[in-house]
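We call the chains A, B, C and D, going by the order they appear; numbering starts again at 1 in every chain.
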Amino acid sequence: MSNTIVLGVIGSDCHAVGNKILDHAFSSVGFKVINIGVLSSQEDFINAAVETDADAILVSSLYGHGEIDCRGFREKCEEEGLSEILLYVGGNLVVGKQEWKTVENLYKKMGFNRVYPPGTSPAAAITDLAQDLKIDLSKLGKVKVS
Amino acid sequence: MSNTIVLGVIGSDCHAVGNKILDHAFSSVGFKVINIGVLSSQEDFINAAVETDADAILVSSLYGHGEIDCRGFREKCEEEGLSEILLYVGGNLVVGKQEWKTVENLYKKMGFNRVYPPGTSPAAAITDLAQDLKIDLSKLGKVKVS
Amino acid sequence: MMLKNKKWSKEEFFRVREDVLRQWETGREIDWDEAAAYLKNVPEGQNFCVKLAAAKTEGRTLVQPRAGVALLEEHIELLKYLQDEGGADLLPSTIDSYTRQNRYHECQVGIEESIKAGHSMLNGFPAVNYGVKGCRKVLEALHLPLQARHGTPDARLLTEIVFASGWTSNEGGGISYNIPYAKSVSLEKSIYDWQYCDRLVGHYEEMGIHINREPFGPLTGTLVVPCISNAVAIIEGLLAAEQGVKNITLGYGQCGNLVQDVAAMRALEELAGEYFASGGYEIELSTVFHQWMGGFPEDEAKAFAVIAWGTVAAGYAKATKVIVKTPHEAYGIPTKEANAQGLKDSKQILNLLCDQQSLATKEVETEKEHIKNQTRCIINKVLELGEGDLAIGVVRAFAAGVLDIPFAPSQFNLGKVLPVRDNLGAVRILEYGNLPGTKEAREYENSLLQERACYEKRPLSFDMVVDDIYAVSKGTLIGRPGRR
Amino acid sequence: MMLKNKKWSKEEFFRVREDVLRQWETGREIDWDEAAAYLKNVPEGQNFCVKLAAAKTEGRTLVQPRAGVALLEEHIELLKYLQDEGGADLLPSTIDSYTRQNRYHECQVGIEESIKAGHSMLNGFPAVNYGVKGCRKVLEALHLPLQARHGTPDARLLTEIVFASGWTSNEGGGISYNIPYAKSVSLEKSIYDWQYCDRLVGHYEEMGIHINREPFGPLTGTLVVPCISNAVAIIEGLLAAEQGVKNITLGYGQCGNLVQDVAAMRALEELAGEYFASGGYEIELSTVFHQWMGGFPEDEAKAFAVIAWGTVAAGYAKATKVIVKTPHEAYGIPTKEANAQGLKDSKQILNLLCDQQSLATKEVETEKEHIKNQTRCIINKVLELGEGDLAIGVVRAFAAGVLDIPFAPSQFNLGKVLPVRDNLGAVRILEYGNLPGTKEAREYENSLLQERACYEKRPLSFDMVVDDIYAVSKGTLIGRPGRR
């Protein structure tokens, strides 16, 4: 367990604000955050995860093309030997305002372990990740989740 | 043909503004308007129509109780010998925002010849009335319908 | 009955009370001591006066909806929704129109029809028919203060019932719940009956129970010039104060021009303070701003804008509370969802605005002084006509057209005053009728109206007034010819 | 390529042009003379410059939506709806993000997937893939002027195509469409490429064809301090002017404090006028105000309020046009209905406001001078770094952090500047990084921030910045701890 996560915004997506805040939030509770930033390809994510032996990849997609950009992500991870890695995705994951259940299923089918709707607070994701990785947050030894 | 209409607001309804404007509009094209004002009962309308030999009764109901207040109006007209009289009704005819077709049918069934939704302009009703009474508006000899 | 502006004696009050409680069967349920005991136990958080005072101290503007339906359970559900989902700060129970006309039999029909129809056939909550038992159920299901909002010339039984049920505020007044709401009720009668309602508050105050009173500011809601509505509001405040009311919220309905609206609210508060002080009344004063009370646009997005613009004015006016409209306004009684939307739209605007700079412009100052002067002219003339007695003055003033409310249905209203907007959208007086006022003020307003006539290249006329009545519902403030 | 702020020669332009038109197959459809002839025949009513000039003369604020979908017919239907039902004054075509990154193959995938899915899978209209034929179809189906709105560092082919299609305005600039939109595109490259786009306008102008250009004012849309966005807007205006652009709309994204927003817009217009004049450029200048560009509330009623509040500021700022958000903003690309609702909400506010008094307060004057001074410091430092050459100055200024856009993703942005709101909600600078500025201005801003720290009883910190980023979406302007 490396307590390392890879963070980034996928595809041609330039939305940087949420990414900076997620970085800040995960770092401040003690995760090691490898932030590859906006406009990142599947390969960028996977390379970073392989290099750093990451436990999880957190993909953001805000701009609507997530559905196209995320296809085959899980398969590509497996090809690169990341068969155990947790995949989270969040943001505005489709074009337009769609039924959340449909959107969630879409990404679950693509192999994402958790899928987050618009307006998710970092705290929610931190709690989930700690649970999925069976980490005791207080042992990571940083500030409290707010 | 007396070119006379009875105008008023039915029931416990005090909405006076539309009534004043309808009075102004119908008068200014040459109708003789008997305005019995707000808070008028079915009897008030009918008495005024009998007394003045009116061609039509224009009922307003804005406040939502129109459905209760207007019941039996046509029957009462017939009892009083007003079997030919035109009955128009308009305003906010039911409680709440309901499907217009349903509302229209409700009042048509009660025997109203024409039923008007919220936001009807006086001009529309004037044109209808002229048509129903086969009146040539220009012969009434007043200002133009605006 | 001999009307005068004098605190009723205990004897007179309790003598009249016997008749009042016999007006409908639920009146018999009311027990004086039990009611007082119940009121004393209403939690602080459900006391109107407490909540208003806190808001005033914090400089916040509270939001309050209008809401009422025929059936008890549905009514409770509605108010709960507005409290929990809508984020209301204060709750109403809007009373149906049969109750307002004391037609309790028809209410009963409405209740039964509503049960049959499966939805409310009444435009409000028939509180008298439900009586103290029902009204307490409403209060106890909620955790916010509750107010009766109606439009009832004779509200004595209603008032007895709602206070005995722990509702801590009552809207209305002998002028504001008569002239815009009735056709043939005399002012002698309605003022007298409202003295009763206010005296009841006075009695409770004497027992240490705090109840808020709110004259209905907007009157007909249709181009009411600020000096007229402010004069009525202050007069009703004074009449209430004389009967022992201590906590008063004075109201004003948005005209639409921000400078005028902010000025009017400041004028109202300042002038009321002066008159209360000179009358020797110690009053805890707060203010209420009503979002646009005239015809609304049918389109919901546009209705949201009208609501928002009203809230902007309420915010800048630093009103203690704002009464909120809904996107369904043009159509009918709103669903609970639409009602909550009006609250949310309003609250968001207030939250964006509340920390910002106030509107400190010369124009606001000038307008405020103008409104104060005009209002003083009216009130002082009313006092003069009453030979020092305000209640008698009011009756005579309406007869003489010294008080005259535009577009009101009452036969006791002269109806000669005609308002119209000036070229900046402020509501001015086109026809003064017999309204008092200084020559300078009239010349000033007239010059403003001439500007509009010039700009629109048409004479000032009733057509212009009609255009202004429709304007907001058609998407503009001023009824310009040929404007989208 | 040797970047300098100098009008391109015909030779250089046409040499580069050959490559540009080869970037994607649709480039080959463009014929210089035929395009010019087509543009000359665009009806006056569809020319952006004409419509803006008329609005400026009348003192009106026009409304313009954002809108774009993947499929041509659907896109036309959408724009028609916004024109006919929404009442838009100006139309956009918002371009999808693959096009913005010049990934036309992926656009093709997006188009095909959209056909399969039966709804748009792209976040905009892939204009390059549709080429001149498709883009002209869009124009010809409408009767309003059309503008390309995107976020494309290298927009040369896109620009060629949309102009040849009779679209008479193009949004963007070498800074504003790079730093907030890209990660690793150098400023040398993006400024150079945008010189091309502007030179194209210049050529058309020389042929008597008027085309409007609009630098993208709001940048990252997230707590961008007015002096920074105004500096970038004016610089991009100057760079465009040098290439022969004659009709420029400078923009600004709402910060939320009305005084600051109105002051910023006035400062922008006045200062731009000064710099254009001293550069010897004769420019027809107009302004655009962007409603809140940061995170929106999810609740639609609250979103309506944010839209309305933005429009209030646009109205008081007397912007020539306002770019409108929608009640779906927090979720995703709006439906055409939601988009029209944003327009209607906005238009209603403008119509209520347009005839009223302007916001003539001392605070606005003070703030305006403050913004102008800060902006001048930045622009003059950029010129100094460029040794008189503005384009070179920009590149060096970003490297040095003299220009620094909060929260931008570009690696060429230093990212040291950190903004935060003061106690009245105005956006101020917490961390200056290497931003130039006078000692007085800093002390002034710092004292304002200390007020907030005191009021909130907590230190100024990144947590406060984060709270401010979330604030509007959570229903307030300032991110106070514990506020609903």
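Basically, contacts are C-beta pairs under 8 Å (C-beta built on N, C-alpha and C of every residue); 3 or more make two chains touch, one makes a residue touch a chain.
Computed from a predicted model, the values in this text were never measured in an experiment.
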Steps needed, at minimum, to go from subunit A to subunit C via contacts: 2
What chains, if any, are shared contacts of subunit A and subunit D? none
What whole-number Å value describes the gap between the mean CA coordinates of subunit B and subunit D? 54
Taking the mean of the C-alpha atoms as each chain's centre, how many Å separate subunit A from subunit B? 65
Where the centres are mean C-alpha positions, what is the separation of subunit C from subunit D, in Å? 45
With chain centres taken as the means of their Cα atoms, state the distance from subunit B to subunit C in Å. 30
Can you list the residues of subunit D that touch 2 or more other chains? none
Shared-interface residues of subunit B (touching two or more other chains) are none
Taking the top-of-page definition of touch, could you list the pairs of chains it picks out? A-D, B-C, C-D
Could you pull out which subunit B residues touch subunit C in their complex? 11-14, 16-17, 20-21, 24, 37-39, 63-65, 67-68, 92, 94-98, 118-119
What residues on subunit C touch subunit B, complex-wise? 96-98, 100-101, 103, 106, 109-110, 113, 119-123, 151, 180-184, 220, 222, 294-295, 298, 328, 330-335, 338, 407-409, 462, 466, 469, 473
If you look only at subunit C, which of its residues touch subunit D in the complex? 87, 256-259, 297, 299-302, 304-306, 308-309, 311-312, 327, 340-349, 351-353, 355-357, 359-363, 423-425, 472, 475-478, 483-484
